[in-house]
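Each of the two complexes below includes chain A, the first together with chain B, the second together with chain C.
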Partner chain A sequence: MYRYILKRVLLLIPVLLSVIFVVFFIMSLTPTDAAEVILGNDGTPESLARLRQELGLDKPLLVQYVNYVRNLLKGDMGTSYRSGLSISEQIFDKLPNTMILACSAVLIAVLIGIPAGIISAKKQYTAFDNTVTFVALIGAAVPGFWMGLMGVLLFSVKLGWLPAARMGKTLPLLLKSLILPAFTVSTNTCAMITRQTRSSMLEVIKQDYIDTARSKGVKESVVTFRHMLSNALIPIITVIGLQIGVLLGGSVITENVFAWPGIGKYVVDSITNRDTPAVLGCVVVISVLFSLANLCVDLLYAFVDPRIKSQYSK
Partner chain B sequence: MGTLLEIKDLVIHFEMDDGVVHALNGVDLTIHEGETLGLVGETGAGKTTLAKGIMGLTPRPPGKIKSGEILYEDRNLLTLNDQEIREIRGRHISMIFQDPMTSLNPVMTVGDQIAEVIETHDRISKQDARRKAEEMMEMVGISCERYPEYAHQFSGGMKQRIVIAIALACNPKLLIADEPTTALDVTIQAQVLEMMSRLKSTRNTAMLLITHDLGIVAQNCDHVAILYAGKVIEYGTVRQVFKQHLHPYTKGLLGSIPSLIEDVERLTSIEGLMPDPVNLPQGCAFSPRCAHAMERCFCEAPPLYLMEDGHSVRCFLCEHSSKEA
Partner chain C sequence: MRGDTVTTETKTLKTAAALCEDGSGRTLWQEMRRRFKKNRMAVVALCVLSLLLLISVSTLIVDVATEKAFYKTYIVGQDMPNKLKAPSLESVRDLFGRDEFGRSIFFRVLWGARYSLFIGISTVGVAVLAGGILGALAGYYGGRLDNVIMRVMDVLLAIPYTLFAIAIVAALGTSIVNLLIAMTIPRIPSMARVVRAAVMTVKDREFIEAGRAAGASDLRIIAKYILPNAASSIIVQATLSVAQCILGIAALSYLSLGVKPPLPEWGAMLTSAKSFFRDAWHITVFPGLAITVSVLSLNIFGDGLRDALDPKQKR
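Right after this comes the complex of A and B.
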């Protein structure tokens, strides 16, 4: 088991190196001249050339890549072309905000989605099930920004209950300002978790071991949780894990709608400012988080399903 | 021997989108304390429906119990509430399912699965339940060291032993075994059956043994009921059914067993197929395949005729020789 974990962690290294390379390569194709971005209209041809040399932009792409990775290992992602601030500091400033949003969204989605999926599956084809399926379909289909805007319209503009944007500074204000964006982000995730829970529960419900469990005379709640849910968990965990990965990368649109100072807003701002190293830094952090979320899911499998665990220990 | 379970005119239908499946159409059966009753029938005759019906495990919907009674120690199981039926399951009546490969929970240790039934019914501590579960494992011939292992680490025969341990853990009075050896290979079949009959005789457990293997019936059962299209068409002791069978279907069934003595090219079989339970023929369900069918067989369903010594047959051919005639 430990050897498996070690192997998986080591495997992250080539994955991340390739991701960085691909992003690096694509960014180099954009017709952005960093020197022009920094100096603006004041730059003379000489000063532009000097700056390019200072930034190492005159070197071949591969050398630039190696230099970037070398700095990255020291925790240095360079400085922003626009603000001149350290990018790594900027990102780690904004990352907790994104994490708060992502984690609360996933928590909401799990707390609503899993019970809804379970009840829906147990009452298949009833009015409840049809309603849940319909609502989940809408939840999966409606784009996040629309949900967000409608939420703002109703709860901030009409009713005035919740702030329309920005993150609250104190804890009560923070919680209040979190409600709208968190529910907005969770809509989609919740719909996916509900649908996945329903379908994998339906698969398990028909299994013979459920009849065995019932024939022992155990309570229906025990049958549902100990025998059904624990067997239905693998695909549900997969969906949750992927969603956490996606959301940690910043819910780009929602963060912008609600002016939430997270990584998603930072990335969009950096793109508009043509701030290449900031974009690159964000992508690196996002891909690391995404890979880690996936790794956690893979490791969780082993704890949920002993059959998978026995494969690992071979 | 007192009566343990009495099924009276049980009718179970499955109401599907494309028609009503007439799975059981009036089954009458009696199981006495400590006896083994064999229930024989082709695939689709309603054997499993009957077993699940007794356990209260008929999937509803689409299943629907139209009428009938299942009397266990004079209590009608069909009118019990959820709580009461749960107390019967596992404690008084337990069941072994057809396929051991799929009837154990894959993410729970086998030991915990045995202990679960004990904890549910006996008010004892977790440690005592575990100890009792370990005893059960030893009793079915599996070392209790394998308590913390999972189903995938066991072979088919071992899994069926675990299932048997679960079923017998609370000393039930009735064990329903739904084709317990169909999924096992022949040598393991013999071992498992031998163990089951040993355990049931030491504990005086009655058994409803569902099978389509007549050899198993001959070896293990006291009484036999032949099920066809959801009705018992012949019932009697093993001797009566095997030696003095009266129903043409039973005759065909026994005739299709290949003989070891005679040298034959082709296996004998009953012409035709079981009727579709969605549209059963009028009259006797066997009439379209029956060589002795008379005109009335096609429009009138025969009642169960009582013959000598508890032997009963559902066929007009026996009308005149029955005790009531």
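Right after this comes the complex of A and C.
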């Protein structure tokens, strides 16, 4: 088991380095470089050249990349062109807010999606099942940000129950302000989890060993959870893993709908300000998070999937 | 994760191949059409999609025929006395109400169909082509080439899709062409995976062997024998991808990183919606509904195609 974990963790290192390189390369395609943005219209060719030398922009891309990674390992992502503040500090200031949003969205999606999928599968073709299937179909098609806007329209503007934007400062206010954005981010994910749970539960529900368990007199709840769900879980975990990327992307957009002070809002603000190092830092941090989340999902497989377990059990 | 897609694709292909041999005398496509027609939801979805295509094309024709006169007056032209006017059934122009510049939301929604549809389809088209070539090479030749291509794809897949697109737009600047690039590149890896998996399941079959024995070149074998057999899974994946793309285009345009106002893109129409919530709910509702209906139809259509191609797969 430890060998499997070690292998996955070691495999992550080249992937992360390559991901950072890809992002670094993309951001280097910006037509105006750092020196031009900083100096604006007052830049003379000489001062531009001097600043480029200072910032290391005259060196080949690969050297710049190595320097960036070296600084990154020390926790330094450079300074923002606009505010002159340290980007890593800015990002780690906002990261918890994004994590709160993303984690509560996953939680909502799992807590609603899996039970809905289970009940739907157990009561196949009933009114409940049809409703769930229909709602999930729509949930997978609705654009997240529009869902958020509709939520604001209904719950903030018409009913006045929930705040339309910004994060609450105290815990009760925070929770209240979290409801709309968290549900917004989780809409698509929740729909996908529901659909996957339903279909993989339906696959196991007709298996012979379920009948065997029932005829042995096993309680229905035990049959559902121990015999059905644990066997249906692998594809569900796969979908959750795949959805984490969708979810992180979704929170970037949702944060902008709700003026939620996370990385997603920071990255879009930075793009508007043409603050390339800040954009680079944000994309790198979110991609690293995404890779880590995928690693967790892969490790989770090892615990759930007996095939992997047996491979490494010696 | 990977294994799962591979087995699904394998199943699709195997049953698809089995269909041709079941003695009914129908070809795979005839069989598929017959099965598809039985799925009423999917047929409705197909009708909606055809309607969208029709709208996109006819609005383009109107633009050309009136030399953009209609477009200039009704789509981007402002009519301030009527701003934020509520929806009414009195005239077609007011059917969905007016936006903050007094422009007809109904007309703008119709004219916006082209962005979602054409950008979505062309994006996926290019991604299928690029991903298809890479996936076919990787799957057919295997070995080191496969390793190199697929590891690069893995790296690209490690960047969340929306963020990847946002980063590309941030670097290249905001324009429709850059939006196309930004939507296409992150789509390539998943396409390459699907095609690779499909190619790998057929490449060792006897008829490929026969082709090779008859002296066909690799290119001919891939193009003539392998890809047609992989087509069904590629088509399904492409349909569902267009749906994802439409969501992506709308999201980026909403953030002002895609199609820019005053162009009537659905996502871009929602950008300013929040400022007018109190006075005009209709600004928010209709463009979003248009996106939802298109994506929903594509998803249902894609699922229907999958079921028609692979009746044995339980959903």
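One rule holds in what follows: the second predicted complex is superposed on the first by the 306 of 314 C-alpha atoms of A that agree within 3 Å, B and C clash if a C-alpha of one lies under 4 Å from a C-alpha of the other, contacts with A are read in each partner's own complex, and residues count from 1 in each chain.
Going forward, a residue touches a chain if its C-beta (ideal position, glycine included) is under 8 Å from a C-beta of that chain, and two chains touch if they have at least 3 such contacts.
It should be emphasised that the depicted structure is a prediction, and the values quoted were computed from it without experimental measurement.
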Should the pairing of chain B and chain C on chain A count as a clash or a fit in the superposition?
-> fit
So, A:226: does it touch chain B (first), chain C (second), both, or neither?
-> first
Would you sort A:214 into first (chain B), second (chain C), both or neither based on which partner it touches?
-> first
Would you check which partner chain A:68 touches, where first means chain B only, second means chain C only, and both and neither mean what they say?
-> neither
After superposition on A, vertex chain A (C-alpha centre) with arms to chain B and chain C, in degrees to the nearest 10, comes to 80
Which of the two partners, first being chain B and second being chain C, lies in contact with A:310: first, second, both, or neither?
-> first
More residues of chain A are touched by which partner: chain B or chain C?
-> C
What is the contact status of A:150 with respect to chain B (first) and chain C (second): first, second, both, or neither?
-> second
Closest approach of chain C to chain B (Cα atoms, Å) = 13
Within their complex, state which residues of chain A touch chain C.
-> 15-16, 18-19, 22-23, 26-31, 137-138, 140-146, 149-150, 152-153, 157, 164, 199, 202-203, 235, 238, 241-242, 245-246, 248-250, 252-253, 256-257, 267-268, 270-272, 276, 279, 283, 286-287, 290-291, 294, 297-298
Which of the residues in chain A end up touching chain B in this complex?
-> 207-209, 211-220, 226-227, 230-231, 304-307, 310
Which of the residues in chain B end up touching chain A in this complex?
-> 52, 55, 57, 82, 86-91, 94-95, 97-99, 102-108, 113, 116-117, 120-121, 150, 152-153, 163, 166-167
In the complex with chain A, residue positions of chain C that touch it | 1, 4, 154-156, 158-163, 166-173, 243, 247, 250-251, 254-257, 267, 270, 273-274, 277-278, 281, 284-285, 287-288, 291-292, 295-296, 299-300, 314-315
